[in-house]
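Both of the next two complexes hold chain A, though its partner changes from chain B to chain C.
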Partner chain A sequence: MRRIVRIVSWLYALAVYGFIFLPVVVLVLFSLQSTSFPIPPFTGPSLRWYDVVLSDTRLTSALVNSLLVASISSLAAVTLGFLSAWGFARFVLPGSGLLRGLITLPLTVSYLIIGMGLLVLFNWAGVPKSLLAAGIGHVVINLPLCFAIIYSQMGDHQINIERAARDLGAPEWKVLLLITVPVMAPAIFAGFFLSMTFSWDEFVISFLLTRFDTTLPVEIWNLLRSGLNPKTNAVGSLVFAVSIVLVVLFELTLLRRRKA
Partner chain B sequence: MTAANNGRALPRAGRALPWALVTPALGWTLLFFVLPFIAMGLSSLTAHEGSGFTVSNYSQFFTNPSYWQAMVNSLEVTAIVTVVSVLLAYPFAWILAEQVPERWQRLALMLAVLPFWTSYVVRSYSWLLVLAQNGVINRALTGIGVVAEPLQLANTRFATVTGFVHFFVMLLTLTIFANLKQLSPSYRKAAADLGAGPVRTFLHVILPLTLPGIMVGAFLTFVLCIGDYITPQILGGNNELLMPQLVMMQIGRRGDFPLASALSIILMAVVTIAYLACARWLKIERA
Partner chain C sequence: MTAPLVDIDSVSHRFGQQTVLKSVSLKIEPGSYTILLGPSGSGKTTLLSILGGFVTPSEGKVFIRGVDCTSLPPAKRPTTTVFQDYALFPHMSVGSNVGFGLRMQGVDGSTRAARARKALALVGLASSFDKKPHQLSGGQRQRVALARALVIEPAVLLLDEPLGALDLKLRRQMQDELKAIQKRVGTAFIHVTHDQEEAMALADHCVVMNDGRIEDEGPPERVYARPATRFSATFMGESTILAGTVTEASDRTSTVATPVGQVSLPSALPVGSAVGLAIRPEHLVLGAAGGGVRLGSAEVSDVVFQGSFKRVLAVSVEDPSLQFIARLPAWAAVQPGDTVAVSCDTDQIILLMD
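Now for the complex of A and B:
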């Protein structure tokens, strides 16, 4: 009986792994051939389409735009999230539960609707479509996330350290910068990293709120109009590689922290 | 989230400091989340051309069968995706948590969610490569002679569902795995002591204890799936429209913001109703 369960388990797990990896393997494999269609039979390997992608200024500038929007909007989201989490965790505020609910509310609404709302508002207010507008949208989706992560990590332990610092005469800004921020660093880092990945991958808000200068997902979307295209395979594989490197780095820093 | 109860008004902190800390975040949310929502609500009550308030955008949804059909399609696809994803992910998460040796579990889980890190748009496109007329699956099937003609797999509901299930199996595996690992081993020991075999232990102890976690995951799947534009647009084509595609069509082709706003609000109302219907089960988790 136990043996049968084991064998069936292995087969099932292999099938699911196969399902999960199938599209990614196909994507990467057919990015490595020089023909103009990314379809079987496989002929290759060739780096032709990577050359084409890396010399395409639209794609490379979209990549830079994406990195800019992701890092600046994540910085804003994590700063606003941290300050408000600190305020709510340390002080008694009237209507605190309601206000905290308000900050986390955007988590329950789909990106499409957040983007639509901003589009209508900016259209009325005469704010032009731009990377800045998309960045504002990205702060809206990431602020509640940063707030929730940091707020949930603010426990008694940190309060006592802060109290000790105050007893020793540290002014409020010194407590914040020299005690709270370093102690909360893992949560702050996690919030920032998550915001970066969500913003980096976000499509619909950027699609609605940018026009000429746009982010990488929107530029990849524009490539899709030409159907199956090895260029898309190459961009996709590159994005995948960059993300994997980031995730591994994140894991390593996290593991080192845990060991220390 | 119990930290708030421990915070006391601190001796040297003035009244102004706490508000100075929370106002930027609150202001941002009011200005760029609540206000846009109000703008969208007002916009949905105006006509695309002409002035004055009207409910015609909402009545159009109920009278125009193609709009109504988009909502039906959305609900059907979302229901299928949610059920299939849970059914696929639960045994997988169970195997990772129970059958894989402890020291390999972290690696096995990381591998299982690796494709998560490709871009969302690219992941849907990759499925197009797999399912296309001359794609990998059709080449393999015609190659070994199972079918004579390539199957129409891309630009169908099947393709949309496959793309969605791929994404949500990864998401649900993560949440269900975490859920299974949180169970104390003493439950299993107690069940064994009381004479239950592995099957009965699973059905009467493990499954009920992980049900709240499954409900949360299923709800998350529902919300993310019904609001997604990318997957149906890339994989489903325009053969049958889902609600997000209908919304984007009003903006893209006709610049009809009022109708797009009304459809968005209807979509959000449906999600809210689903939340209220599930709220009873979702609450269990907090206890």
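Now for the complex of A and C:
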């Protein structure tokens, strides 16, 4: 009886993980296909389609665009998120609870609504559709995230550390730069890598706010309109690989924080 | 007499509706070791924060070396603080921690390192220069915090319950060391604590605080032997306190009626006034061969052996609400249940007017 329960629970776990990961496995597997269609039987392994992807200038420039937008918008989001977390944690502000709620609110609003809102706003303000516009959109969605991560790690025990620095003659900007930022570094890096991950494969906002130069997810969507082929699998696998790296970096920085 | 190093002039402070300091004035001499002693909520930590510049008082002024520092930020005043949790910079080495204040003053790297090493040697941690704070024990971190605060040569060093986080043995050891370091550097130390033993061991000048006021101040020997108020008699060591009323008075002596009998005192007091008579445990005599003042008899309720002495609690027969606290030699033969005569010498009675 106990054996049966064990076997069933193993099967159940297998089914759950299969449900989550099978699509990715299939995607990666058929990116290694040597023939022209990503359908069984598997004919690889071959790196033929990766070669095709990397020699496609539209895809490679979209990849560079994506990396640029992700890193610059994440840098902006994490900087603004850190400063607002510090402000909320260290100063008594009128309506602090309400303001904190407002700053995290975009987390609950769908990307489509944020994208449309920005589209209307940029239209009205005369900002053309561009990578800059998409980058600003990514700051809007990632700032609340960075704020929440950094704010949660800003404990009271750091207040005395900052006080000690002031007491020893440090002006406020040096307190921030030499004490608060290094002490908060794990949370800051975690916020940065998570923002990178989200910005890297974000589609809706980029789709709405870019036109000629665009990001990788939008370019992949263009590619998909002409039907499935192993090339889309290859580029999808690349996107997935980068995401994995970012998530691992995020986990590592957060884990190091816990051990300290 | 030179001008005081620190002059606190009628400082009051409120947190919202609550008044935590009520017109406190205090002068601190150069090179002295001052202890602010009081229970939690007495305002001692707030007073220290006002000296350090972390709190601006609602009223009153603070002068340090004759300069008005009342609303000067911590960075601009000649004080440094050793925080209760030490507040070391966790991402910097011990050497960089100690050198931080000098770095802020723009002292160059090699001078900084040399002076940081000297400061660490002063607190006995010369070998820990390259370690990180988390590699040190509590007592060692405490010393690093001390070195970090002393290296920039402040006029006044403020210590906020510096020994509170250490275990008893280490606390007594650090206590001796603090005193030795203070004597060596000659900086004025102001130290906040609620531990009266710590206060007596360290202070040149002991300031007893309660409920936002200074109850008593002076050398610890004086504060212990002749406390100015009932509070300071009970907080700075233990006492038995007899309530009494003055019934007769002449030029030199007065007679006070207490629940345990008449006591005559060598001082002139207004007839009819209520007074308290405090007696330290070591001055109470239990047994027949007593002192000059008889205080009735009492039944011993508890005897606690404490190594070098016995702490005895006894309930007065004449007034069962009165409990005597006595300290007897370790060899004294007393048992709970014994009834003994209680007495003391006239000149050991502390008169409290209130």
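Criterion: the second predicted complex is superposed on the first by the 240 of 260 C-alpha atoms of A that agree within 3 Å, B and C clash if a C-alpha of one lies under 4 Å from a C-alpha of the other, contacts with A are read in each partner's own complex, and residues count from 1 in each chain.
Note that in this section contacts are C-beta pairs under 8 Å (C-beta built on N, C-alpha and C of every residue); 3 or more make two chains touch, one makes a residue touch a chain.
Because the structure is a prediction, the values reported are computed rather than measured.
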item	value
Which superposed partner A:235 touches (first chain B, second chain C, both, neither)	first
Touching partner for A:166 - first (chain B), second (chain C), both, neither	both
Partner chain(s) touched by A:179 [first = chain B, second = chain C, both, neither]	second
Partner chain in contact with A:157 - chain B first, chain C second, else both or neither	second
Contacts of A:21 with chain B and chain C, given as first, second, both or neither	first
First, second, both or neither for A:191, with chain B first and chain C second	neither
More chain A residues in contact - chain B or chain C	B
Partner chain in contact with A:135 - chain B first, chain C second, else both or neither	neither
Common interface positions of chain A, toward chain B and toward chain C	166
List of chain C residues in touch with chain A within their complex	52-54, 73-75, 79-81, 83, 85, 87-91, 100-101, 104-105, 134, 148-149, 152
Residues of chain A that touch chain B when the two form their complex	5-6, 9-10, 12-13, 16-17, 19-24, 26-27, 30, 37-41, 80-81, 83-84, 86-93, 96, 99-100, 102-103, 105-106, 108-114, 116-121, 123-124, 136-137, 139-140, 143-144, 147, 151-152, 154-156, 159, 166, 172, 197, 200-201, 203-204, 208, 216-217, 220-221, 224, 228, 232-233, 235-236, 239-240, 243-244, 246-247, 251
Residues of chain B defined as touching chain A within the complex	1, 3-4, 6-10, 12-13, 17-22, 24-26, 28-30, 32-37, 39-40, 43, 88, 91-92, 95-96, 99-100, 110-112, 114-115, 117-123, 125-130, 132, 134-136, 139, 166, 169-170, 198, 223-224, 226-230, 234, 244, 247-248, 251, 257, 260-261, 264, 267-268, 271, 275
Chain A residues touching chain C - in the complex, by the definition given at the top	157, 160-161, 163-171, 174, 179, 182-183, 185, 260
